[in-house]
Amino acid sequence: MPRHLILRLGQAFLVMVGVVALTFVITRMVPGDPAVAYAGPRATPEQLAEVRERFGLDEPLWVQLAVYVRDLATGDWQTSLHTRRPVLEDLYHAFPASLELVGAGLVIAIAVGVPVGVLAARFRGRFPDFSVRLTSMLAVSLPVFWLALALQTVFGSTLGWFPVAGEYDGSLDTTSPLTLWTNITVVDALITGNWPILTSTLAHLALPALVVAAYPAGVIAQLVRATLIEEASQDHARLERALGFRETTILTRFALRPALNPVLSLIALVFAYAIVNGFLVEAVFNWPGLGRYAVSAISHSDTPAVAGVTLLVALMYVFANLVVDLLQGVIDPRTRAR
Amino acid sequence: MSAMPRVARLPRVTDRFALAGAVLITLIALAAVLAPWLAPHPPGEVDPLNALSPPDGEHWFGTDAAGRDVFSRVLHGGQTSLLIAVAVLAVSATAGVLLGVVAGYAGGWVRDVIMRITDVFLAFPALLLSVALAVVLEPSVTTVIVAIAVTWWPWYARLSAATAASIATRPYVDAARCLGVPAIMIILRHVLPNSLTPVLVQLSLDAGGVILTAAALSYLGLGAQDPTAEWGLMVEQGQTLFTTNWWVVTFPGLAILLTAFAFNVLGEGLRDALDPRRIVK
Amino acid sequence: MIEVRDLRVRYGGRVVADVPELDVAPGECVAIVGESGSGKSTTLMALLGLTEGAEVSGRVRVAGVDVLTASPARLRAIRGARVALVMQSPQAALSPTTRLGTLMRRALKLHGVGDAERVMAEAVEAVLLDPAILRRYPHEVSGGQAQRFAIALAIALGAEAILADEPTSALDVTVQAEVVAVLRELCAARGLALLLVSHDLALVSTIAHRVLVMRDGEVVESGPAARVLAEPSHPYTRELLEALP
């Protein structure tokens, strides 16, 4: 295994340890007595003592941290104060829906952002460039929750083109029940050929996915534009011009691939942002994912649940960054050589 | 020591984006600061008889469910949003730049420790960590500021560590070190002032993000509480009325959009003027 | 092959190249010499119609096409296929993520050259490269190999003229000789017109038939290489010659 790979893995591991520690600190920052928070304000002293002992709250902090890490590693992510179910179990059920939403959003963002960025670079300094830059700046300035409400109201409630909330029409569970493989509804419906649920899910997915896509699409378009402009001023673009290639061909066939490398790192970053932005979108569209779970946990001051979601997303983010770093070599042969 | 470069050279504002952004921000800031005089009604003035009346000559942006004037509340909301943005950026930039400059100047294990800590914080998307923090603290404007500042400083630490490290190796810093100038003086006199330019650009790029994050926290009920006029909170309070009374949600939302947009346009313009290619955060 | 009359290239009102007369016949090698910034490279790019943002006036005929008035499509048709460009830094001139063979195949397809695989193999062998090089990326080949590949591109596309911009200055001395040999062979045996831009008078004296000396955008002296290099009439040319080791 190459040296830089070992270093990279070691670094990712260190960050994960830090993420766990920081999450622990946050959960213990609760003002007042966490035992009271769990047992309720009317608990007797005996009940409080029992809670304290059960959760090890009377131990020194570092012991509590060690216990916390041990519990996380053995799959005990504490119990939600609100649902009273293990947090890990709740996350397991909510995660696939979030992945579905964010995945769809990112697909839209790439499908729109990359060509639009190419267009802007091709007509640099002219009208298409100007309008792409302006639109992408608007896209990254949109408050997601507001955009979600606006699209829901206009295209859902008022025009009735799309369903307003949920992941698919619930009545389909009885008429054409879904066999679960991956727990991601779209994928399961596709591989089991369940067309009624597939079309219903896609219709429900359209608006929230569009909202999730807005920010990453804007960022991707800006980055693709900037990188392509840089690539098109390189020596090799000069030779390609001298070989008679069209400007568009130079951008799409020669410049785009090296330009995709920064875009890829960006997508890892944007993935985490999209998950978190997705929280607000899920809450608005009642999408049964991590976000709806987190938002309901927030409104119930459900610290273990919030900590669980935080930890999961942060760990995923570290992991996504790691994967992207490793993927870079596949896209740009120069990094492989190093 | 004549070789010392001039302090923090600011870019000429020739880019039309930068100029447009600066003008917009000035207008928004003026509207917010002058809100007590510009607003036709006090932001908290309740008028149940006139609840949910659509925009007209008297109430330009209509009234909300309590009969409060939405236009006046949007103007006053600007104060809250800009206050949060300024406070967050001031706190996180100060903390981040100080730590970053120390890390970059000292190098070695000091740099390693500080940078690994920033890595940990950067592993959390800003909104996520802010949400987690805001949940355990009492919801208020101060909570929002603290929660966002905690997630934002590492960006400045990382940025200024890189600049400081490159400045620390320059001949005039070496010369000062050889002359026996104490490290603290070298940092204050040479390293710090020269690390500021990239930070200033980053600040204008970040202000939009801070405003969006703050609005999201308030929307989630973790920030400003009811009588306060705050854009995110106003959207939250009006969301169930969107279909029937569009104005209660539309105008505060547009205010967030416009302010974030103005900062993004300025930041984009400044970045273009300095360097056409830097990774977007 | 190349015929230039009263070419003037201006950037924002400043004249960066002023060439009253420049002709290159098939089988002939003409060199433009001068220091960097003297307008040599600009002249070369003007011949391809690739001086973006510049005002260009005069008359430029390359391969029978009037470059300054031709349509973009017409210009693209002669670029590569009739006139080839060889650049200074060979590896930077090749797209880092494109295999050499892919680049050549795309160029052949663009200009409608059939039987690509055979043409490519022959062109690569003509510059004494191993055909295996076509499967490599630019960073996997040496500077000399990359430069010979650029010449192979010209051969494969059947170019009748080569514009070479400092083709050897980024190469080691031994490798320089190989590239020069290949260029000379193209001129002499295949009858290509070669327009060479260089500040290396030693190189110029071994290959060029005629020489133009440029300084600050102006042609200060021109004539047969033997005469200009042996009995320079302009003081600037003498300076350049005296700077030789």
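So that you can tell them apart, the chains are marked A, B and C in the order they are listed, and the count of residues begins at 1 in each.
Operating definition for what follows: a contact is a pair of C-beta atoms (placed from the backbone, for glycine too) under 8 Å apart; a residue touches a chain by one contact, two chains touch by 3 or more.
Everything numeric in this text was worked out from a predicted model, so none of it was measured.
Note: the chain lying farthest from chain B is C, by mean C-alpha position. Interface comparison, A-B versus A-C: the higher count of C-beta contacts falls to A-B.
Chain A and chain C, compared by their mean Cα positions, are separated by 51 Å. Computed centre separation for the pair chain A/chain B is 23 angstrom, with centres defined by C-alpha atoms. Shared interface positions of chain C, defined as residues touching 2 or more other chains, are absent. Looking at chain A, no residue sits in touch with two or more other chains. Within chain B, contacts with two or more other chains are made by no residue at all. Put simply, chain A touches chain C in their complex at residues 234-246, 249, 253-255, 257-258, 331-334, 337. The part of chain A that touches chain B in the complex is made up of residues 11, 14-15, 18-19, 21-23, 26-27, 29-31, 133, 137-138, 140-146, 149-150, 152-153, 157-158, 219, 222-223, 226-227, 229-230, 262, 265-266, 269, 272-273, 275-277, 279-280, 284, 294-295, 297-299, 301, 303, 306-307, 309-310, 313-314, 317-318. Residues of chain C touching chain A in their complex: 48, 50, 76-81, 84-85, 87, 89, 92-98, 106-107, 110-111, 137, 139-140, 150, 153, 157, 163.
Chain B contributes residues 17, 116-117, 119-121, 123-125, 127-129, 131-133, 135-138, 208, 212, 215-216, 219-222, 232, 235-236, 239, 242-243, 246, 249-250, 252-253, 256-257, 260-261, 264-265, 268, 276-277, 279-281 to its touches with chain A in the complex.
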